[in-house]
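Both complexes shown next keep subunit A, but they swap its partner, so subunit B is in the first and subunit C is in the second.
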Partner chain A sequence: MKSFSWKSALASPAGRAFLALLLVLAAGAIFNADGAFFKIGTHRDTLRQASVYGMLACGMTLVIVSGGIDLAVGSLVALAAVCAGKMAIHWNWPWWQVVPGCLAVGLTCGAVSGWVTATLRVQPFIATLSMMVLARGLAKFASGGMKVSTAVQNPDGSYRYVDVPPLFRAIDHRILGGNLSVVTVIFLVCVALAWLALSRHRWGRYLYAIGGNEEASRLSGVPVTGAKICAYAASGLFAAVAGLCQAAQEQQGDPEAGSGYELTAIAMVVIGGTSLMGGRGGIGLTLFGVLTIGYLDKILSINAVPEAGRLVLTGIIIVAAVLTQRRGRT
Partner chain B sequence: MRAKLFALLVFISLAVAGFGQSAKTYTIGMSQCNLGEPWRVQMNADIRAAAAQHPELKVIFNDAQNDTLKQRAQVEEFVSAKVDLLIISPKEAQPLTEPVARAFEAGIPVIVLDRAVLGDKYTCFIGADNKKIGKAAGQWIAKKLGGKGKVVELKGLMTSIPGQDRHTGFREGIAGTDIDVIFEADMKWLEPDSRKEMESALSRFDHIDLVYAHNDPGAHGAYLAAKAAGRDGIIFVGIDALPQEGVAYVKQGILDATFRYPTGGAEAIETALKIFKGEKVPKKIVLGTRLFDKSNVATGGEPLP
Partner chain C sequence: MSTPSSLVRLRGITKHFGPVTVLRDVQFDGLAGEVHVLAGENGAGKSTLIKILGGIHTDFEGTIELDGQVVRPRSPMEANALGVAVIHQELSLIGPMSVADNIFLGRTPTRGGFVQDARQHEAARHWLHQLELKLDVSQPVERFPVAIRQLIEIAKALSQNARVIVMDEPTSALNAPEVNTLFALIQSLKQRGCCVIYITHKMDEIERIADRITVLRDGQWVGTAPAADLPPPKLIQWMVGRDLGEQFPRHAQHLGEERMRLENFTVFSAGLSSRPTAAEVSLSVSSGEVLGLAGLQGSGASELLLGIFGAYGTAVRGRLFLDNSEQLFTSPGQAIDAGVALLTNDRKATGLVLPLSITANVTLAGLRALSPGGWRRPARECRAAEAMTTPMRLRAASMDTEVGVLSGGNQQKVVLAKWLQTRPRLLMLDEPTRGIDIAAKREIYQLVEQWTTEGIAILLITSEMSELLTLSDRIVVFHRGRVTAEYSRSESSPELILAAAMGQTASV
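Take a look at the complex of A and B:
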């Protein structure tokens, strides 16, 4: 019978990630902005705000575990949001066409970056950087550079106003007496799916093997190319889900949405303790990272900390969290 | 690529010159610094719409994609293509001052839109005054609230001049009243950030009378946050009043008021026509704002001095 020990708990990456989250929560309890931190609504909003980033972080974890990186996710949010806006608002498609349509766009773009990096052997950084630029361009092209909103332009230049589609209303809804956002539920489903894939499926094992040593995996018969393409495709798929949620919350498809989100997603993954070198980490850790950054952001926001201070504090805390993670390995 | 573009421009201007034998036609080169912002897309649309009224005008649009040096090259290309007039909405003053001056010295009239260049080597500057617009918003808010109330200010990027001006103008507008700005945050012009900051304001304060956001998407984000929190009775005020954004929001009952930050596109074409006719134009045209609220949105807003 193994007894619980704080020492061994803190030696594990999960323990350290949990500690970082506890510290941030403690900071929130101290700087509670006249009690705002103790309201249920604050936590519901924190989780809602972190959800879009969190979905990106799920896909990012799969890619990073395989030793890659996906810089395209922020742009894919915009592309999926614009597609969602076009399909749901302008073309009035029902939800069962909009959702697969958006997901297919994300999946395809992700698969293309995966194919370029896995088959054509372009470094993941470059392959996904290209996709980041390309997807942003597609988003602007599809939207004509304007937000796809409920003000629809007629051919003669005047505007007519349509209702916000029911799909958007449903995603930006709350359940459990208004205490949980649907977006958060979608995020948790993404976490569950990514966890199943990474920890309970053979494909997940392949990704760890590839991230650990790609050449050795290839020689031991791991289908490296296919597994890698699937990782990027999954990342694109999660990005499309995030884009759909983004569009629903903004009630429009903004071609400028999601810029810089990829960096936040990477920071969430790394704070959790997943190694950027690949081969180590997991979705559970990423969940801690998502909550840590999400709460940090919220605490700075309810205290109305000026922008300059927020950036400095966030930077310091990310480095501190990553340093604790690294010390656990040596 | 650039050589091809240049050849195309020359070809277009030659073609235009060829057509011009019966009636005199004019080619206008328009250098837009960045089409990534809806407001600038609207500026181009305004120019296009105004020019379409005058068949003798031919406008060539160029987008510098937020790159100063690219915009500089575009100005130089327009000069060598010998356009009849140059409209430029510069990305930055300093690096574009000289290229604009060279065009001006080469005898091409230059209309500078929205952002200024240094010195006086251009024909006419057309722009709006953010401080004035902020002040107009502040005065409207003071009147609306009867000089008393709790206000949330969601600021645009405070490192940008428009953000600073919309802030100081607003504070001037509400000066001397009992209006209390209880929460202010930088939402960087972004709707998701605005919603986030507004949620924080809502969880901190049980009573908020009005939200003043430095742009309409910001006000829209704040509205969504308040609506989701089930908080009614808050007044939302934005700035910019693009037809498909702010004006649409007022029509839909989302915002209570928005103040137009005019693009100057139509005025630029008007001024260009005057220049072509040989009329004298002022060196600086400051555009007034326009208030859109429930009472006047259907009739196209009310001009403010």
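Take a look at the complex of A and C:
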């Protein structure tokens, strides 16, 4: 008796995304690098490394569902990281000022992208490409082009070393007997918030509707401009959270951080099965996408596949995954 | 009397989509020099048959003969080469490319890989000249109105030496003079010995141009007969398989208080600096009344409704009273809150969100009321949507079905349900029965009747004269953005309305 059928499992995007993840995990179990894959530390590290990308993917999902794209998130990671470094290390701000400060920077930049694309009607690709360049510039400007680290330059040119801020230590901490990273918890909170917004809030339904048919949505009384600006602002907010985590993990604010992250985040969203055309997809799918890419990268690295080969393989697998998703749609 | 030879001959055509059989043993004979109307309700299999002939669907059973030769086109290109041209409802021209480039797309005359523009222009002008059309062939296609683009498409078909020309609802975007031009052209195609296969839902067109009619129903061939032997009642009977009766019941009037009044209402759909699309319109509609807005393409009636609805923001002038209080809507959201609903004339482009479910579409306009505090209540949404769709007899597998997969009639019911869900006081219907089958049309007529008894005021635009006359209590006629006549139900007639819509005001 067979109650499981591949056909019905493959019928939904969620089923396909889940199967893709299972395939990757199965590959990990086979190529387990002498049992390394079965150690809990490997999984903890996979999740930790995927978390920063995952936060970006959450915001990216909101934007992509609404039919847009946000290329600025990678640069916003750097900007938020630099801001976090400045505030926490140089200015010695307490955490309850650093966190809102960083988030406000991300939120503002995202809202500006959203305003440019929704109100000024610049294509999202161009609007967020501009923000990507602009935010990178701001990050370099704020940091003076150098990493904002715990080695602080004195007025006479010599360096003194200051303590790592408690906020950074707290974020880079592990809990549950060292088996779970705090950044992973933060990532899961982001997933939960994005899910609530997209699946349980009116605004989320508006984003789907706008992505599916913007004009029909407008004529149904949907506040298109406001909903879109909020989507980009939320994406900026998630990018700022990611930047804060990045700074905490590196114990510095690197103005070069996060470059190319936006593309990984987009890949995660698309592998999950969210349509780049908008209107279809979801946060659950993105979670599968994040885990798929995260594990793929980890499995290749524990098997000592050199980075060059890893990139080539990842590229091929992204195309393969998207092709499967598309086949299921028609 | 000589029997013209059979130019195209389909026999035993059967086609399955997965488990569904959409065509079963269908036959069709197209003679040289005839206009052959292919009739049938939506879903009868007309489009599928055309796609088989046009080389789009390639896996089917049965045979196609052109001039006695058995052929089997495996792509639209092959069908073209065999002399079959299909002019689809949505035109397949490329907007930014020039007229000449479009006519010769895929067959561009080149020398050593370089386009020979002069030769191409010369040839394009030659084919357009056959249609008595003088155009600057180097202009991009998008600069020309839809009617001209349709003619360009026909020129393209002629340039491919097409002898079987299929037109799928070609007049849906044309106004009356343009339709006349098209029909004159069809006559000349007949004289050249072409077989024109013509698909339409409009009875008057069938009466005007059909030589013979083939009727399909539920994927099966019902019959082929000379047009003279198929008067409208009999044709409808063939199409629906049951006797619907020619006329729909005229409804009783339920007039109440004045619901909405416009005073010198002017709409600038293309910005305040351009010519208004509807100018100084004054009219009123009472609760329980159906006010028909008649007009040909470009009459401005659709834009008037969009202007009332706030879709053009502040680009309107004049006064609007709803239940005697003055209103000005600068966004659709405000209009919806005030109890105004607008069913737009193109459900796929401006009515539905195709990838979303039935429930999500039905609740989209009224979502604010269904989600107090911002949080959605899925069970409540589902109940609200079902409460609207059940009385409409919407046919779908489940309420979670994507609306994109529904038939035209069911999609239209989803849009109607969306607007009723907002509990409107004023319901504006722009082409509520466009592209849906007769049974669904009849159901929508009954719904309109029912809504008026509930006291909803209705503004109705429809390009079908019989529908306008059947449903409207009063008819206001528009010509180029201005009201040219108003008729009560008893004094209206197709001739009077058409005359006023074409700008002839003398006889009244």
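FYI, the second predicted complex is superposed on the first by the 324 of 330 C-alpha atoms of A that agree within 3 Å, B and C clash if a C-alpha of one lies under 4 Å from a C-alpha of the other, contacts with A are read in each partner's own complex, and residues count from 1 in each chain.
Note that a residue touches a chain if its C-beta (ideal position, glycine included) is under 8 Å from a C-beta of that chain, and two chains touch if they have at least 3 such contacts.
What you are looking at is a predicted structure, and each value in this text was computed from that prediction instead of being measured.
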{"item": "Superposed partners subunit B and subunit C on subunit A - clash or fit", "value": "fit"}
{"item": "First (subunit B), second (subunit C), both or neither touched by A:218", "value": "second"}
{"item": "Superposition-derived angle with apex at the Cα centre of subunit A and sides reaching subunit B and subunit C, degrees in steps of 10", "value": "130"}
{"item": "Partner chain in contact with A:36 - subunit B first, subunit C second, else both or neither", "value": "first"}
{"item": "Contacts of A:145 with subunit B and subunit C, given as first, second, both or neither", "value": "first"}
{"item": "Which superposed partner A:200 touches (first subunit B, second subunit C, both, neither)", "value": "second"}
{"item": "Which superposed partner A:161 touches (first subunit B, second subunit C, both, neither)", "value": "first"}
{"item": "Chain touching more of subunit A, residue-wise (subunit B, subunit C)", "value": "B"}
{"item": "Shortest span in Å between Cα atoms of subunit B and of subunit C, once chain A is used as the common reference", "value": "34"}
{"item": "Doubly contacted residues of subunit A, that is, touched by subunit B and again by subunit C", "value": "none"}
{"item": "Residue ranges of subunit C touching subunit A (in the complex, touch as defined)", "value": "309, 311, 331-333, 335-337, 342, 344, 349-356, 360, 364-365, 367-368, 371, 374-376, 418"}
{"item": "Residues of subunit A that touch subunit B when the two form their complex", "value": "33-34, 36, 39, 41-42, 45, 49, 140, 144-147, 149-151, 153, 157, 159, 161, 172, 174, 178, 246, 249-251, 254, 256-257, 297-298, 301-302, 304, 306-307"}
{"item": "Residue numbers on subunit A that touch subunit C, as the complex places them", "value": "200-206, 208-209, 211-213, 215-223, 275, 279-280"}
{"item": "Complex interface listing, subunit B residues touching subunit A", "value": "35-36, 38, 41, 49, 158, 183-186, 188, 191-192, 195-197, 199-200, 202-204, 217, 220-221, 224, 228-230, 243-245, 248, 251-252"}
